[in-house]
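Chain lettering (A, B, C and D) follows the sequence in which the chains are written, and residue indices restart at 1 in each chain.
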Amino acid sequence: MSDARSADGEVRFEKVRKAFGTNVVVRELDLAIRGGEFVSLLGPSGCGKTTTLRMLAGLEFPTSGSISIGGRVVNEVAPGARDVAMVFQSYALYPHMTVAENIAYPLRKRGVPKPEREQRVQRAAESLHLTELLSRKPRQLSGGQQQRVALGRALVRDPRVFLLDEPLSNLDAKLRAHMRAELIELHARIRRTFIYVTHDQLEAMTMSDRIAVMHEGVLQQFGTPAEVYNRPANLFVAGFIGAPTMNLLHGQAAEGAFHHPALGLPFAGGSPPASGQRLVLGLRPEDVVLGTGPFAARIRLVEPHGHEQIVQLDIEGGDTLTIRADAALPLAAGEALRWGLRTARLHLFNAESGGRIDAAFTAPAEAAAA
Amino acid sequence: MSSSSLPAAPSHPSRRAATAADRAAVNPLDRGYALLGVLLIAPTVLIFCAVIIYPLVSALYLSLFSIFTPTLAGSFVGLRNYAELAGSPEFWRSLLNNLIWTVLTLTLQVVLGVLAALMLNQAILFRSLARSLILFPYFVSTVVAVLVWRWLFNDLYGILNHTMMWAGILDMPLDWLGAMPNAMVSVVLVGAWKYFPFVVIAVLARLQTIPEQLYEAATIDGAGAWGRFWDVTLPQLRDVLVVVILLRAIWDFKEFDLIYLLTGGGPIIGTQTLPLMVYKEAFGMNEMGRASAVAVAMMLVMLVFMLVYFRVLKARGEEPR
Amino acid sequence: MKRIAGRIAFNLFAWLVVFVTAFPLVWMVITSVKPQFELFRIPPTFWPEQITFEHYARLLWETPFLLYMRNSLILSTATTVVVVAVATLGAHSLVRFRYPGREKLAQLVLFTYLLPSVVLILPLYLMMVWLGVANSLLSLVIAYTTFALPYALWLLRSFMQGIPDDLENAALVDGATRMGAFFDVILPQALPGIISTSLFTFILSWNEYLYALVLVNTDAARPLTTGVMNMLISAFNIEWSLLMAASVMMSIPLIIIFAFLQKFLTRGFGAGGVKG
Amino acid sequence: MSDRIMTGVGRRAVLGGTMALGLGAPMVARAQAPVQLRWWSPQTAPAQREAYMFQIRTFEEANPGVRVAFEATSDEGYPAQMAAAFASGQVPSVVTHLPSFALATYWQNGLLEPMNDVINAVGPQNYYDGANRIYEITQGQYCGTGIGNSAANMMWLRRDLMQAAGVTDVPRTWDQLRDACRRMQRGGVFGAPLPYGRNSMTSLIFICFVHGAGGSIFTPDLQVNVENDAFRNALEFYKSMRELCPPGATGYSWGDSLTAFVSGATATGIYTGRVLANVAAQNPRIADHISCHRYPTISAQVPHWTFNDFPSVMIPRQAQNMAVVKRFAAHLFRPDGYIRQLHAAPGHVLPVLKTISAMPQYQENALINKYRAAVDLMSESAAAGHNLGWETTRHRPNVHAGRIIASHVLSEAVQRYVINNEPMTQVVSVTATRLAELMRA
């Protein structure tokens, strides 16, 4: 486990395109992942993230473009020779082999001599608390144990890159949280490149150094969890990341301000969007202040969550806002109330292209309410 | 089936287009895999060509000749064999017999099969033994089945005649195989006996997957046993029954051994079906060309069944199984 | 009480149905141990008054039954081995490889699976004559592949489709070649399916009649089906006890399979084309 | 796929076994002796097989390096089997006991080797006079030779049942036969076991009835001769006997008909001398109550007509090792083996060599002694017997007879009229047409 090697666990996709006939699954993907980084490929199902991972593993071949690992183009390298390990969603444990045989299999295929093989299996098993289970068959294990065996089989080879394809999706919620922590710990310990495919933003946000958000075969944004959350590159990312999801209000620019039936927000300085342009304003549920503010609304629904409450507000223009509110606030459905915004944390998007517009707003005057 | 990696799963929406991409595959690794795949299927393809495709084409070719079997001397006669068939009452009678046999035996197989499956799906004592006994006829050789049944049907010493006479159903032994319509009835009965276990297994497997809740819900809704069968069981069985009926129709239609050994197609041609006619023309009448024409004609009739089968599977969005 | 009575009644009825279904086979066994003269009794006796195994002895020592048995064993085993070996590779290729024409090929397999033997038999017969192998066990092995291979391919294909793709993928990533993955992972997983398929192929070959009737004209290569049937149509006698003894003996492999390997048969049924 | 099938170890062991089997699959090859002969016959009762084995053994001992395999064919199966054998070129070396008329058809197609050498080896002077005449289809060349005579349509009677039914005289005419059968048919016993199946026996028995009605199937110069009273009367008689035969007679052929009489299910029988051996072996209770007679005819004026199918020996032209084959064919007539063959079913196949008949070894047989009168009657009848290939002494040989029997035209005529109840005129005209077609082809 030399640190020198971990540095070349760098992965690069260049203009990678994958099509099954006319059905394009991945488009012109450019992605550079640093060695030792934990990167999640996040997106809804069918977004091309799994195909991307499989192309990296060598289980699928790009239609065009190149994929390199550690600086070497691997397009024509067999999966087993790419020095990557993969953990499958189904775990793909070999049912007819014991846990020990499962873990030893990659070593056997690499011609590692038996004594060393046993030693390394033992070590991997210890680090994953599998020692007692070594002589069992996969079907005699619980889901979590199987998951750990799958990890062990990847771990034992000490590969440059770990590929994980939704590895936690078959576990129950509690176990999933536990395994998340274990994975973070594991990554911290071995510092190999982890590429983690998931549709669960919570997993991506909590574990990753960086997240690549994909949609319909196109990379939407590649950045740290904070970047992706705080500066979503486009409407898709904005809508996909965050729970409850970001509120999106359709309006347009006029007279140096964003106009929506319920609210008007003057742009502050810079180069504001041209008048007449159709825009989308994004506000996260936690970025609304209830009780006071320039705008009026009526409470449609209150969902108490214990530590907070989620409130749906009917505002003018027929839109509904989902708002996160302090559990202590006395709110009841049907009531009218005032609300305001944290203007520094608003997001603005071009309604046509969906792209992010960097704009600043000045706090609206109470009277400016449209 | 998700968009799995290697072979695009057959149900993949882009399945047709995938082949186009395959042709365009440039990755040597991918090409190597394809080559290996072709290599693995090569023995199959070779054997298929040699023993199925070639004979199939030859059958068409042979049907255009008049061939004397013992010497295999033949002369080209064009479509005359077919013209003769079209004007031959024996051919039409055989086709009719073929259809009668198929429809009757198939109906019995399905009815008996579903009933037996329902029965075996209940908790009865020694169920697995019962199931084995019911299954056995399907696997036993047709030769054995026919010998046993001919012995049962025997006019003088057959247990069947004696049991029926003892029970007062008959007062004279019945000629089960030598006269019409008895011969057809007997053949149909033996066919049903031999092949209904196929339906039993298929239906039983499906019955075991019907969720118990469906029955509970129906019971709560006030359905009796009959209602539960009609409204829950039968709709659940529909899919499996369609496939079973089509498969068995195809197999029953081409049945040779059972009928040939039981009645030889007799009396005269009372139970002669097309496969028997092929054999008779080729080796009884020594008219190999005409026999081929009958075989080809039979094939055409069967194509109808097959196309329906293919279509049903396709309509279900399933690959053909 | 009423429920218990109903239960008993149902059990009785069910077993009556089972008995009626199995009766012909029971009768076969009973007849085979009756002395010939007892068969001529009117009305027939149900239980033999006297049990004799003379028919079995005569069958084995005075008729070519053992020769037929040997032929059937060689024939069915050879067919099974050849067909299952070829079909395992072929099915693996159909399920897990991509190449032009693969879909068409799968359809062709289904088509041939439904094809009637009687269409192929005349050209096959001429082919065997031409090859000079007519009248040999080899000719029957070749002929039997015409129905056994599509059948085995179809069955194995179904079985192999049930093996998750990811298992092979995992092996590939773990460093195996395609063939390595096939031997290490696919084959062990497909083994129950291969056993099922082998049993079905064996039984199909064991029971085949038409090809044997047309292609073989010599005791040296005659299998049990046509051999035993020849005993029936002989003009000198109709010995039902002997024929029933032959039927019982002929069913022995089947009885063995039923007693010990039945689950493989039921499994094969599921895969073999009736998944609704 | 679930894997609850077996443990990993077991699974791997089975896998290994499967592979090993695949690699070591025994390839299918036939054992090759230097010279391999194949002998076919439809006469395959166990006792006959035993005699054949003796003949094979003595031949193999006398001819080192030669192996002879005996293979069974059957009366119903031989046309298809011979057709297939000729077509494939994989012919048997020698075929015995086929009816003489079958040979004529094969000869006509150039499929047979002339038997002159064999006849000369056996000694033409040893045969009964004219025994080989029916085989001389081409002047000076014999398509086969006889290995026996048979009287296929002897009437067998159960004297005990006759007595019980008050039938005193042996029936001479059809009416008497029918009457006797009617009186004896009771208590589960039927009158007669006439065959009504679509097979050679029905055809042959029907030919007997046509002759019994004073007719013939063909005129002496081989014109179809069925549109006349004799043919119609024969059909009528056949039909009238249906109710006196067991229900399954609609499918009867040689074996069934024989077994019906031997088992005691019918009061009369119609068969060769095989009855004697089978009664002795299977149903000795009736052994002392049977007698053998010529089959009745329509009236006392019409003479008896015996069907002799002239069991033959033939050698296919394609047979290998012709010299050895011919030696073997001649070997079959060597007294030690030949008498064993004949004794395997005394009275069933009767000798064609007068030298054999005269031998004490032949005459000293328990069954022949016991049923001397029957055996003598059968020999006498067979000697005067004919078949479809040669219907009367006035007839020309009919080389199409084999195909006519194999086509089942005649048995179908019986089935049409008796079972299907088709009108007489239609049955007769269809039969006439089809016979004419077969004669032309």
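One rule holds for everything that comes next: a residue touches a chain if its C-beta (ideal position, glycine included) is under 8 Å from a C-beta of that chain, and two chains touch if they have at least 3 such contacts.
As the structure is a computational prediction, the values presented were derived from the model and not from experiment.
The largest tally of C-beta contacts between two chains is found for B-C.
For chain B, the chain whose average C-alpha position is most distant is A. Between chain A and chain B, the centres computed from C-alpha atoms are 54 Å apart. One simple way to say how far apart two chains are is to compare their mean CA positions; for chain C and chain D this gives 35 Å.
Rounded to whole angstrom, the centroid-to-centroid distance between chain A and chain C, based on C-alpha atoms, equals 55 Å. Residue positions 39-40, 42, 129, 166, 169, 188-189, 214, 232 of chain C are each in touch with at least two other chains. Listed for chain D are residues 3, 8, 11-12, 84, 87, 263, 265, each touching two or more other chains. The set of chain A residues that touch two or more partner chains comprises 54, 58-59, 78, 95-96. The touching residues of chain D, counted against chain B in their complex, run 79-80, 82-84, 86-87, 106, 109, 111, 196-198, 246-251, 260, 263, 265, 406-408, 412, 415-416, 419-420. Those residues of chain D whose C-beta lies close enough to touch chain C in the complex are 1, 3, 5, 8, 11-12, 14-15, 18, 21-22, 25-30, 38, 42-46, 48-49, 69-77, 81, 84-85, 87-90, 188, 201, 253-256, 258-259, 263-265, 274, 278, 282-283, 345.
Interface residues of chain C facing chain D in the complex, by the touch rule stated above, are 36-37, 39-40, 42, 58, 62-64, 74-75, 77-78, 81-82, 84-85, 125, 128-129, 134-138, 141, 159, 162-163, 187-195, 198, 214, 217-221, 230, 232-238.
Against chain B, the residues of chain A that register as touching in their complex are 19-23, 25, 46, 50-51, 54, 58-63, 75-78.
For chain B in complex with chain D, the touching residues are 69-72, 153-157, 161, 172-180, 263-264, 266-268, 283-286.
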